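Order of writing sets the chain letters: A, B, C, D, E and F. Residues in each chain are counted from 1.
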Amino acid sequence: MNKQIKEFRDYRSKMNERIITSDNLVLKRLFNLDTNTYAEGALSTRVKEMLGLVSSMVLRCDDCIKYHLEKCYEQKVTTEEIMEIFSVANIVGGTIVIPHTRRALEYWDLLNNSENQKI
Amino acid sequence: MNKQIKEFRDYRSKMNERIITSDNLVLKRLFNLDTNTYAEGALSTRVKEMLGLVSSMVLRCDDCIKYHLEKCYEQKVTTEEIMEIFSVANIVGGTIVIPHTRRALEYWDLLNNSENQKI
Amino acid sequence: MNKQIKEFRDYRSKMNERIITSDNLVLKRLFNLDTNTYAEGALSTRVKEMLGLVSSMVLRCDDCIKYHLEKCYEQKVTTEEIMEIFSVANIVGGTIVIPHTRRALEYWDLLNNSENQKI
Amino acid sequence: MNKQIKEFRDYRSKMNERIITSDNLVLKRLFNLDTNTYAEGALSTRVKEMLGLVSSMVLRCDDCIKYHLEKCYEQKVTTEEIMEIFSVANIVGGTIVIPHTRRALEYWDLLNNSENQKI
Amino acid sequence: MNKQIKEFRDYRSKMNERIITSDNLVLKRLFNLDTNTYAEGALSTRVKEMLGLVSSMVLRCDDCIKYHLEKCYEQKVTTEEIMEIFSVANIVGGTIVIPHTRRALEYWDLLNNSENQKI
Amino acid sequence: MNKQIKEFRDYRSKMNERIITSDNLVLKRLFNLDTNTYAEGALSTRVKEMLGLVSSMVLRCDDCIKYHLEKCYEQKVTTEEIMEIFSVANIVGGTIVIPHTRRALEYWDLLNNSENQKI
């Protein structure tokens, strides 16, 4: 697995575990609720993950973007679709979103490449 | 047509016209580009309007929310789907999004009701 | 009761009811979790409501500010304390917070005055 | 004087006075510092007011926008220059800035018209 | 002292010194005013630092979070209290605050651990 | 050339190229429009770059700040002028902008120093 992907996942897992084991009930429930939000419903998980991605982009949170890119990758979102999500984010959120788009596309390419390396 | 809907549309049209006729080329092109962003592509206009709606909610812009609600209404997005878009926006963006959700749902109901009145 | 206060409360109640009865489980649980967040714990409800107020101010949400001002009023936060919360919000968030501070102080004065009128 | 302009100025003056007389030293000093920020220096007041305007637009604060539009008007900023400031704000901040641009241009037109009425 | 803590403090001190010695009077006074904001008053420094922390979290500024965590640590804020501040920040600001919460809790643990190492 | 400057420019160029060659027309046009926004017009490129810089600061995007600092440097903006732009950004945007100001001033100093080394 690519080093950048591995580091992101490991740090995220370690600190989420640390937060959850801190016994703050509100944070535990919010984490739980966060997972439920993207479950299949009237909208598919696939569309919901796209909604999560575009929201993370206009709010300009790199780690949230990476997380939803991973989920979109699992949901077989294509690169062409990803670019259209990026275009909505950049039009709504402005050129201030461009630096995040650069890092997002780099991470998206890593996800696609690292997978290829497995084969 | 409902008064609140009419006022929103009239003001929006009048001032957009005022902006476009001011002969600022950058703004004209941005308005044009904005329209193109939601055209059918790898993603459908329907999904793109959902992306526009959720982005407007987490960025907390009431007028942008109303605009994308109208577009979602045109695209036959159901109330159940709208509520799931609202849920993503509120989980990602937090309870600070709730007051905008109240106004958004009120406007969504107006759109549905005023249409019914036409029949 | 003061008209502005009554309108705020009535609209808030009506639309919260509308959201909750829409049967979106994520939103219902988030509303529930929101209430739990400010319960007595390691920190008192009084301090937590101050935290909610200052957060609403730097994020510049007038309705959220009004809501937490009402809760601070219930918790017997003094005007001098409120002004210090406003000062933290304006220093951290900048002069962009000033217009919200104007409306917040007006609402705070209304809360104090309307209560006086009851006596 | 135009009614909308008068109401904006009257409310602003009244509540600023209320804040300053509350005897919170931090807020008093911040208000004072705010005034100093736009004084003639290495940059002219004219350019600084443009900086204040574009900042208010990308942060999407209608009252701050109105205030800086008034200051730009005093500084003889032309409509063509205002439109270019709007274009920077909309490109950097995205289409989420458009509703604020509509209200900003309306207010700018009012400022120019009401002045004409005086003559 | 822990390396991450030392680097944060050293860079902060060095660049604050650089800013202050640049002879921009507005920035100097703002820095000064910032210090005064958290002085004992109607509210204790302890509560004000909590207000500063929660504001920094919902505005998602990692360096501001670290700074206020250090101040909270000096004020003997407990880990249980810190977690409740985090819970308010995550509920008000949404899951977009989670990545900042991960880094905040890591830094909080470092502060507690590095202190222990001194003993 | 200074290493930090070189890395910023190289990564920016590489990923912008990657985005543009992805054949998403909306993003291509937005990149193009972004360039046009800062062209000489009613306002000079020099003033427009100052507007871009202050917008990037209040929106707190480090990479956008670096980019506009480079453009301001090309436009012979003086250090005293830069400090006044920083002061507007910090007053409007609050102390949350300070960490970005530290990094901005460091980068500005690098630009000035690395250039001196060329001579």
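Keep in mind that, in the parts below, contacts are C-beta pairs under 8 Å (C-beta built on N, C-alpha and C of every residue); 3 or more make two chains touch, one makes a residue touch a chain.
Listed by chain with UniProt protein names: A, B, C, D, E, F = Alkylhydroperoxidase AhpD family core domain-containing protein.
Not measured: the values here are computed from a predicted model.
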Task: Number of steps on the shortest touching-chain route linking subunit B and subunit F - done: 1
Open item on the list: Measuring between Cα centroids, which chain is at the maximum distance from subunit B?
Closed with: E
Task: Same-interface partner of B-F, chosen from the options C-F, C-E or D-E, over half of the pairs matching - done: D-E
Open item on the list: Averaging over Cα atoms per chain, report the distance between subunit B and subunit D in Å.
Closed with: 27
Open item on the list: I'd like the Å distance between the centres of subunit A and subunit B, where a centre is the mean of that chain's Cα atoms.
Closed with: 24
Task: Distance from subunit C to subunit A - Cα centre to Cα centre, in angstrom - done: 32
Task: Multi-chain contact sites of subunit F, meaning residues that touch two or more partners - done: 26, 30, 33-34, 37, 55-56, 58-59, 64, 83-84, 87, 90-93, 95-96
Open item on the list: Please classify the inter-chain touch graph. Allowed labels: line, ring, star, complete, other.
Closed with: complete
Task: Residues of subunit D defined as touching subunit C within the complex - done: 11-12, 15-16, 18-19, 22-24, 26-27, 30-31, 34, 55-56, 59, 61-64
Open item on the list: List the residues on subunit D that touch subunit B in their complex, please.
Closed with: 60, 79, 83-84, 86-87, 90-91, 95-96, 98-99, 101-103, 105-106, 109
Task: Complex interface listing, subunit D residues touching subunit F - done: 33-34, 37-38, 41-43, 47-48, 50-52, 54-56, 58-59, 64, 78, 80-81, 83-85, 87-89, 91-93
Open item on the list: If we count contacts the way the header does, which residues on subunit A are in touch with subunit D in the complex?
Closed with: 58, 90-97
- [ ] Name, in rising order, each residue of subunit B that touches subunit F in their complex.
- [x] 25-26, 29-30, 33, 36-37
